[in-house]
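In the part that follows, the structures are each spelled out as structure tokens.
First chain A sits with chain B, and in the next complex the same chain sits with chain C.
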Partner chain A sequence: MRLDPRLPIPRNESLLLGAIGFFAFLGLWSGIAASGFVPRSFLPAPWEVADRFTHLLTNTFAGFTLPQHLASSFGRYAMGFGLAAVIGIPLGLMMGWFRWLDDMVTPVFDALRFIAPIAWVPFAALWFGTGIGGPIMIIFSGAFPPCVINAYRGARYVERHLIEAAEMLGTRSFRMITEVLLPASIPSIVAGLRVAAGLGWQSLVGAELIVASSGVGYMMVQGQSAVSTTTVVAGMVAIGIIGVLIDVALRAFERGVRRARGLD
Partner chain B sequence: MSRRSLIGLATVGALLVLWYVLTMVTGTINTGRFPSPDDVWVAAGQIVAKGYANGRLHIHILHSLKLVAMGFLFAISVGVPLGLLMGWSRRAEALINPIFLVIRPIPPLAWIPLAILWLGLGDAAKIMVIFFAAFVPAVINTYTGVRNIATPIIEAARMLGTPRLALVSEVLVPAAMPSIFTGLRLALQASWTTLVAAELVGAVAGLGRILNVAQQDLYPGMILFAMIWVAILGWSTTKLLAIAEQRALPWVQVRG
Partner chain C sequence: MSGIRFDAVRRIYGHEGRGIVTLDGVDLAIADREFVAIVGPSGCGKTTCLRMVAGFDRPTSGSVKVDDVVVGGPSPERAVVFQQFALFPWKNVFDNIAFGLRNKGVAEAERRERIAHYIKLMGLAGYETAFPHQLSGGMQQRVAIARAYALDPVVLLMDEPFGALDAQTRVVMQEELVRLSRVNPRTVLFITHGVEEAIYLADRVAIMTRRPGRIKEIVNVKPIRTSENWDQHAKIEDVMDLPSFVHLRTHIWKSLREEKGVEGA
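This part shows the complex of A and B:
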């Protein structure tokens, strides 16, 4: 008798149930859309979204084609995320080494943490404009905290005997950070980068909904004003796909790093 | 007071003094771009007494709080039971997971345009967006909590013929509680972020609405004042949840 229903079920059964679930979802969606109970402009059918998606691949909407919008989004994203990593990781490592810096920065950081990244939008627009600078600042504010926190944690949990050995050999602060703390914290930093990538992607979408003149978020806002539900849903699909690709890439990177370290 | 909190306090104090000096004494920072303490004070006085962006401060705060509370409660009252079900039964998990895998990669903020198309700029659209933001962490963490319960506990309960309802209320929920609370904390944070974003895109009242109008009016004092309130509300609701967690799980060390 199966006392614990949490135990694995046969693979075939699990695949079958998964297929039933997926097709029930698609069927329900198509059924409601095709039945005419709700206007098509309100709930387009799955095939209409797919049509719109392929249409947007080669035709312009809101000034650009979907790949161009995505490229513009991705450019901003890479810059905001890169900036967060380049500033956040050294700051976190330094906070992990210098006690006074930790004591100074942590309270300020804790206070700022509760401001949702998206609440920076008005200042971002005021300081850097709505073209490329504003959205970059929002992505930065989303991706920055996990970069700092994980570098800091990594540096704080470096094994004592490594630090003591380096100190015995007369290592100064700068080399201690670059040659002891940094290499020892890499797994923690990479885990932080993955969290940061997700938060940054989410912030990018928010930023583009409010301040941008290109990008996939902007395309969705324009689709919304034009009451083109298919464009909006096609945008959501594109955002979801890129989000998954970013996560898959970073997961592979993390696995590679962990394996190179002999951690897995 | 510890050395650590003294240094922290001194840093915050020094930053405030620096802010005052740079904006009001030397004028190094252009107050058209970042407000002086005086500007924030004036903005605070204006919105508290006369109102700004369709209402006085307490109207906006209550409006935002109400929407977060409704969206959050709605999301967890669907998400936690669903997480329990998916954690409990492999079959239910296999059936529901594909739908979940489609919804999960879509960032909550990406629902905003669709919510506006479906429900307009009113409260219902905000609740829908908060629902999608808070739902996912509530499900995932409840699910993980149930999955991590040791098998002997489940087997013992079933061997003793525990009725279904009692199994959920006496075994699954208490054992998964720490993980469920983690989910609630993440769900609450997500609720605030998405609410502010949704209100920035379009709303009749709320903190995001203040930010939006202040941005159009180029009114840095009001922008900063609204941001401070975003932080205060986010902090205090998180604190409230931590207190509830401490009450519910006295044996767990809750991180502030």
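This part shows the complex of A and C:
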């Protein structure tokens, strides 16, 4: 018996616990679906979803196969997320260094960041259209705040003696940001990228439910109109899988960064 | 010339009225190319003094001048060796030393030459591409010293630079510093808790009172060192056995002891 609930759990045991949780979830779902209490059109059974999923891998629905929908979603995602990182990280670092910029940007930023990405849909469609621009803007609005915030925090919490050492070495603002604040903030920035990646992926699918003519979200909307609940759930499964893969990749990146820095 | 002058320096931390008076009228003049060590009880304001010369802090009243100019902010003219090393963990040994030279705009060829010189001098050859976390504390401190020396500063500020080292490494570093400062003398302000270290290295030793700190007494070591030719001894322990050294040490210890006694600690 495990006596202390806070005791660390060995890796293989924790994998086992994860597997138990996963199969318990599948079992519960199957049980409810098979019991007949809930109509199948309300809640498709796992095996029906699996069937539909494999079918969609090679057959088109709403114009494309599932991998094609995913590719189109991922393309938009990569651009929106990339844009958020490329603009957000330098902005956050500069806010961490220049007080006047911090004072100027922070109030506006704090007000805007509480607006859910989905709330931008009308303007995204109006300004950038429903093709690629609109969804990119929505992903951007989801991924941008964590990029800015974590770069800013990283820059603000750099150890004081490192900044003083750099000042004593005659470092001016540009190099202070690129060669001191940026590398010192990498762990915080990477943590922010992980959060941004998750929020970006979530807002992408939200956006596609409304504006887009391809992508997983679009496929799910079309599934809904065709009263094909299995298509909708297959889309959810695909979203979950890609989300997990993105997080695994970024976690590996984070570990690599920490190891290179001698933090682990 | 690059002397340092403290004139009636007061430093109060916290708010007007109910602040903590840390320094209360520090007067000290360090001549060009003079090596002055400050000793004093913990918390008496030694680091505060050094930070004001570095330009990281300012006096509440009074003035700190270098070269007869009031210190306005940090500058590579006044290099600092921090007690916590303060090396950039993401830069290797070479790049840590190179950073200040690049900021100064020293041309690549000269930069390489200068860095190679100090790497050799500090016994760091072969470790150019090592990162700070791969080095021992003593080696990190040598990188920090090389980084400061490579700037070719007019003033060198060292805050307990050997405090974190083991006894053996410390002795080696002290002997190296003596060698360096006799070959290439600079204006040095050196803070330490080690009375022996202060006498061995410095031209003059300034003793501070407990907080609020003032300079209580200045012990002039240089005349004795020169007349007895201490520098003929390569090893610190040979100097430490000389009667004149022992005499100075006892004197400074007594003076410090009085400060501790009053504190009641």
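FYI, the second predicted complex is superposed on the first by the 229 of 264 C-alpha atoms of A that agree within 3 Å, B and C clash if a C-alpha of one lies under 4 Å from a C-alpha of the other, contacts with A are read in each partner's own complex, and residues count from 1 in each chain.
Rule of thumb we're sticking to: contacts are C-beta pairs under 8 Å (C-beta built on N, C-alpha and C of every residue); 3 or more make two chains touch, one makes a residue touch a chain.
The structure presented is a predicted model; accordingly, all values stated were derived computationally and were not measured.
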Pick one for A:Met168: touches chain B only (first), chain C only (second), both, or neither. second
If we overlay the two complexes on their shared chain A, which of chain B and chain C does A:Ile115 touch? Say first, second, both or neither. first
Who wins on chain A residues touched, chain B or chain C? B
After superposition on the shared chain, which partner residues are touched by A:Phe42: those of chain B (first), chain C (second), both, or neither? first
Do chain B and chain C touch any of the same residues on chain A, and if so, which? none
Show which residues of chain C lie in contact with chain A when the two form their complex. 54-56, 73-76, 78-80, 82, 84, 86-91, 99-100, 103-104, 131, 133-134, 147, 151
Can you check the complex and tell me which residues of chain A touch chain B? 3-9, 13-15, 17-22, 25, 42, 100, 103-108, 111-112, 114-123, 125-127, 201-202, 205-206, 209-210, 217, 220-221, 223-224, 227, 229, 232-233, 235-236, 239-241, 243-244, 247
Contacting residues of chain A [partner chain C, same complex]: 159, 161-162, 164-172, 175, 179-180, 183-184, 186, 261-262
If we count contacts the way the header does, which residues on chain B are in touch with chain A in the complex? 3-5, 7-9, 11-12, 15, 33-34, 87-91, 94-99, 102, 105-114, 116-118, 146-147, 149, 151, 154-155, 158-159, 192-193, 196-197, 200-201, 207-208, 211-212, 214-215, 218, 220, 223, 226-227, 230-232, 234-235, 238
